[in-house]
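Going by the order they are written in, the chains are A, B, C and D; count residues from 1 in each one.
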Amino acid sequence: MPVVKAVTCPVCGSLCDDIELTVENGRIVKVKNGCAMCEAKFLGYCGEHRVLKPMIRKNGGLVKTTLKEAVRRAAEILAEANYPVLYGWSSTSCEAISVGIELAEEVGGVIDNTSVVCHGPSILSIQNVGIPSCTLGQIRHRADLIVYWGSNPWSAHPRHIERYTAFAEGRFEKSAWRSYVNKVKALVGRKKLQSAIKRLFVKKPAPVPPPISEYKPYPFITKEGRKLIVIDVRRTKSAEIADYFVQVEPNKDYELLQAFRMLIRDQELEVDRVAGVPVEYLEEVADVMVSCDFGALFFGLGLTMSSGKLRNIDAALSLVRDLNMRTKFIIMPMRGHFNVTGANIVFTWQTGYPYAVDFSLGYPRYNPGETSVVDVLLRKESDAAIIVASDPVSSFPRKAAEHLVKNPLIVIDPHMNVTAQMADVLIPSAFVGIEASGTAYRMDHVPIPLKKVVNPPKGIHPDEEILRRILKEVRRIKKKEEAA
Amino acid sequence: MEEKPKLKVTLLTGRTIEQGVGKEWGKSSKEYVESVSVCYMDPEDMKRLGVKDGTNIQVSTAFGSVVVKAVKSLRAPHPGVVFIPYGPWANVVVDPETHSIGMPSFKGIPATVEPAPDKPVLGLKELLKTVFRKG
Amino acid sequence: MMLVNLYPLKEFKLPVVAECINPDIFQGKKPKEIEGLEVWEGNKQKRLGELFKVEVAKEESVSEAAVITIHGDVSHVKRIGVGMKGGEIVVKGDAGMHLGEEMSGGKITVYGNVLGWAGSMMKGGTIEIHGNAGDYLGAPYRGSTEGMKGGKIIVHGNVGNEVGAHMKKGLIKIYGNAGQFVGFRMHGGTIYVQKDCGGRGGACMTDGTIVVGGFLESVLPTFTIEGLRKRVKIEEGEVVEAPFYLFLGDLTENGRGRLFVAKEPNPHLGYYEKFL
Amino acid sequence: MELLIKNGLVYDPINGVNEEKMDIAVKDGKIVEKVNERRAKKIDASGMIVMPGGIDIHSHIAGGKVNSGRLLRPEDHFKDFERKTAVTRSGVGYSIPSTFTTGYRYARMGWTTVMDPAMPPLEAKHTHEELSDTPIIDKASYPLLGDWWFVLEYLRDGKIEECARHVAWMIKATKGYAIKLVNPGGLEAWGFGRNVKNIDDPVPYFGITPREIIRGLCRVNKLLNLPHTIHVHTNNLGKPGNYVTALETMKCVEDLAEDGKPVIHITHCQFSAFKGDDWRTFESGAEEIANYVNAHSHVTMDMGQVIFTDTTTMTADGPFQYILYTLSGNKWVNHDVETETSAGIVPFHYRRRSYVHATQWSIGLELALLIKDPWKILMTTDHPNGGPFIAYPRIVAWLMSRKAREATLKKINSKARSRSLLPTIDRELSFYEIAIVTRAGQAKALGLKNKGHLGIGADADIAIYKFNSETMDPSKKYKAVRRAFKRAAYTIKSGQVVVKDGEVLKHVDGATMWLDVKTSEEAKITEEMKRRFKDYWTVEFENYPVSEDYLAISQPTTVKADV
């Protein structure tokens, strides 16, 4: 059976590219090296919920149609619209995104990608503070302190720790994983190693400080080598494998971050606790941050989405920037969708702006809050939408989704997802990274090719191709109108 | 009339690996629906409210109200904090306010939780019909 | 004086960009010329006359600046009065985003609410809003640190987040409540919030004055208490006679900003008195 | 398609043509002897200057760093935008324009070839994706190799040929054009927040000095017979006193030169020509550098001219950018790339009234005017580090006109003015010399055989400027020179008229040039590399190289190496 090696996993922003797939009769039957989400994607992508025919809404229901007809109808909707929204783009290739931007420019629409509801706030603060960062290999080779803040890699980026951070093997820093493994080796035979590690993962009692109400200063870990700290409002699974866990009161991350900024400058705080955590305890964490050789802070939606939003990130970026006065420290957002970084990157090189780009005046304008899709929907300004490789109806607040659904809605997606069920024109597409090739960008801005491993079902095209056809049809319609 | 127990909490929404895996199996899959129509609660809070693992509860915010299944959190203790995975159920109750930065408030929303053993957890189709009257 | 009345011809649904609604631009123009000015409705370029009934009420002298009165809801109309240097705009209704952005003179009065970025990057003149204002009042454009450099903004209702971010000079007075991050990274000028204030007031400020007359949930741990004051002067002729705590910060930025918080509505700050 | 440019005043230094009234014939994208006069499209260039299309040896226009700069600075873009037209895409400026706008703006000035000088190999695909989206102009990019672990280890172990083979592989894998060194050794040290102090300061953990890296890669460059020399951003860049480092860097490869041919290119030399012990005692070191360059033939350099404006500095020199952040307090981006390099970005405003900035402005022009041979000092702003490339017309005017220089001198910091060497320099460049510093010299330094001249067989990349050099004195009419270079009367790219009167007529793709370096012993390094690959990088070996699909128009040049 043919085995395809070095396949890039099109699920999360870690973009692991060491996946090995076994293909049998044009179907993927085995996945090696992947996490649970990766396996689910490669084995389940072609499940029963796949859409195999373009559809158009007639008399309230979706009925099958030809691709030509669906493209024509989609182009009509977009060409007629006065303020269309083009949304999604984080789960498709850069090549498709590029066509999407050209389409947005052609129809004078607002194009936005899903970063608007994940790390958009991070970008806004990067635009104020900047960001000291690096590629993930730097962390693997050099970091002796790793902090995850408001992020739960165990669930959202399952191989992040093993490939890039605490459990990865680097030139200057060894994997902290080994110390765990060595312990296990003494107890069990080599064969049972894997399962033992699993058990250890699940059952290892982590030195977790008591709940907020009864916080006592805790002697800090004296562990040698790499240290892993998790800061979050909940004791997540990632917190359990950490060397240390700081539980922050919900919506108080900003105060905690600012307090750290003072502590790393050896300034005194006038309060006893910040965000529910005693100050002596924070001083210990600050000491560890200052005294490491290379620290890395990863942050997730726990920071961008809780009270303070973008300014939580402002504080985190400022903290890490300030830490560079004392040592080497970097910071990186944990990007969710596999190519959300790529969407930001392509948007930026073509328009100057990473998301929420409004072409209605014929040139790119950018002002999240004004030109971002959720705000446009909440103000009920758009009059049509095309959604590519995303499911806003299942990810937007009800009020925003309501306006989206009320107007003509075009959906390009391989799956009958929630938004697809609301579509007026539904065009099924190939899975990029499985049935179509392309490029995606990892969370650290490293471009990685996506492979075509198997053929898509008959009559199913990649997003890029579908978008090109729509663009061509839009231009044809506009030319005809101009002539008339 | 006996007053129903009600709990004031902070609602978080977010990713879980179950939702992440379910999503890849397809949004209409049983795996997906079951992974996102739930609310993780602190066991102490559940006791206070008199609900068990699997009891239906109603989560209400200033923006809407939705019935989901209560599930005992493995990540306790986190008294006063409840968690619903991202998805159509969560969207009914999250705060649409973006504070002019483009992102609604998905985390840290004041909410109340009450037992709703008699109310059903709507399936995806029913939920969408009720909310959007389309589909 | 030239008096121009604008009446929206319809209820706007699409966003409208109308930078031309500016006394400097109207000044000396004939009604037909005003009607012919360029605006955008959604992705279509239109003439002002297609969206508004233009009525030039008085046209006596060309020397004095024009007064524009908009009658009706223009909450979807953006960029009214952008860059204006003189004259006056009166909006009898709600107004859209970027009202009076980068204005350097003249006056804008709104008898209604306004959306975000009113008075953004303002250099001079006055904006008075009788309803509520949105987020980023007087704050700069994304990525810019060029905050408000002068002029005065008065809001009689409530305002959103990040009022006066990066402010350098000038005065913002809010007689209602304010959202989070009042005076974020401000370097100078004065912001007065008569009522309650969301959290994180004065975050990362380096200089300037913030006065909170109502409830403030908490003061950032990066501020230090300086003392108690019996009164606080907002501007010439406006003094608040009440005891205030005075905090200095933000220490993370080595700031010397002054944050006054009224003592009476904030008993929870009594904690700080032990340091005095 | 055939084209005939008639009666222009032609400047073609490579062919020794100096202001000759002659016709230029073009067919199928090349300069030809003659075309059918009746069939050919004719351009009347009488009273106009005709030159080869402009070339930029060093301009950051694409890739991860440039794009991070774009992302960082919405406030740089929002007032400088370009609307979509029937033929062009929309975009934004100012100091870091979007890709389409970059292509159009170069073409509008009559520039047709631009080299992006800093490509992190791991992110090479990104650079190429952007280059492919940069219309009209031809481009190429230099992979950053001066801190690559393979290079450091092979050179430390004295394995020069192994090193050369790996470099050859890397140039092919990244579709690169030249070997770029940025603060050699310093970037590896920056991985732990450190730097190297001078060219003999050992790189932590690697037991090698910058001198050894520079010499090593210079020898590798010769072994591989690459068309350009090593392209060096010196150690200590941007620090007072660094002219000594620049001199030492040039001296350290003196003995490697043969036949008077250049072996090193010192880029944006202005930033490496600072004298003084600190910012208070800071002054120009241009004279010392110029004296050395005038006495030696193994060096070429480019200016890195400073423009008084708000711009965005971006280099691979992470530690330098950090210093710039601490000096300015502006926002700061750092991006270190595993096993290879780093990068930093800081917005920066050069102000006339600042002593340091005004002196920097002076240094750039002093270098260009004191170095006697224009083939040795090429015109750049190190876009966008000294200022955006759209300022080239102003630099041309400064170089050609004492009066233009005096007009600016009047407005700068008085201490800087009194110390500036410019008032003592009478030299004014002719159009012939301008054609050298902006075209011919650039092509020669880069080893571009078909560019930078208008001889038979050359690429038909041509710029025509509305300035009558027969009747007008550029020294006096420097504003007219500026206007002419700002909006070319015609820009012809590969034989097509793409710009007329400063307006873009056509959106065409430009080619991406790269070197297909053939080593005699075809690298058996692959097996070795695969093994080490997993240790060094976080991507799989086969996902690393850039395939030709990433290049809109791929234009490889085969180079036969001596190893």
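Odds and ends about this structure:
What we mean here is this: a contact is a pair of C-beta atoms (placed from the backbone, for glycine too) under 8 Å apart; a residue touches a chain by one contact, two chains touch by 3 or more.
Given the structure is predicted, the values throughout are model-derived calculations rather than measurements.
Compared on C-beta pairs in contact, A-D and A-C come out with A-D as the pair having more.
Chain A has its Cα centroid nearest to the centroid of all protein Cα atoms in the structure. The mean-CA centres of chain A and chain C are about 36 angstrom from one another, to the nearest whole unit. Taking the mean of the C-alpha atoms as each chain's centre, chain B and chain C sit 38 Å apart.
Measuring from the averaged C-alpha position of chain C to that of chain D gives a distance of 46 Å. In chain D, the residues that touch at least two other chains are 72-74, 78. Under the contact definition stated at the top, the residues of chain C that touch 2 or more other chains are 116-117, 135-136, 141-143, 180. Shared interface positions of chain B, i.e. residues touching 2 or more other chains, are given as 99-101.
Applying the touch criterion to all chain pairs gives A-B, A-C, A-D, B-C, C-D. Of all the residues in chain C, the ones that touch chain D in their complex are 140-144, 146.
Interface residues of chain D facing chain A in the complex, by the touch rule stated above, are 62, 64, 67-68, 70-74, 77-78, 81-84, 89-92, 96-100, 122-123, 125-126, 129-130, 133, 191-193, 205, 322, 325, 330-339, 342, 345-346, 535-543, 547, 550. Residues of chain A touching chain D in their complex: 5-6, 8, 17-18, 94, 98, 102, 105, 123, 126-138, 140-142, 163-164, 171-172, 293-294, 321, 324, 327-328, 330, 344-346, 348-354, 359, 361-366, 439, 441, 445-449. For chain C in complex with chain B, the residues that touch the partner chain are 116-117, 134-136, 160-161, 179-180. Considering their complex, residues 13-15, 17, 40-44, 76, 78, 97, 116-117, 135-136, 141-143, 145, 180-181, 184-185, 199-200, 203-204, 218, 220-222, 224-225, 250-252, 271-272, 275 of chain C touch chain A.
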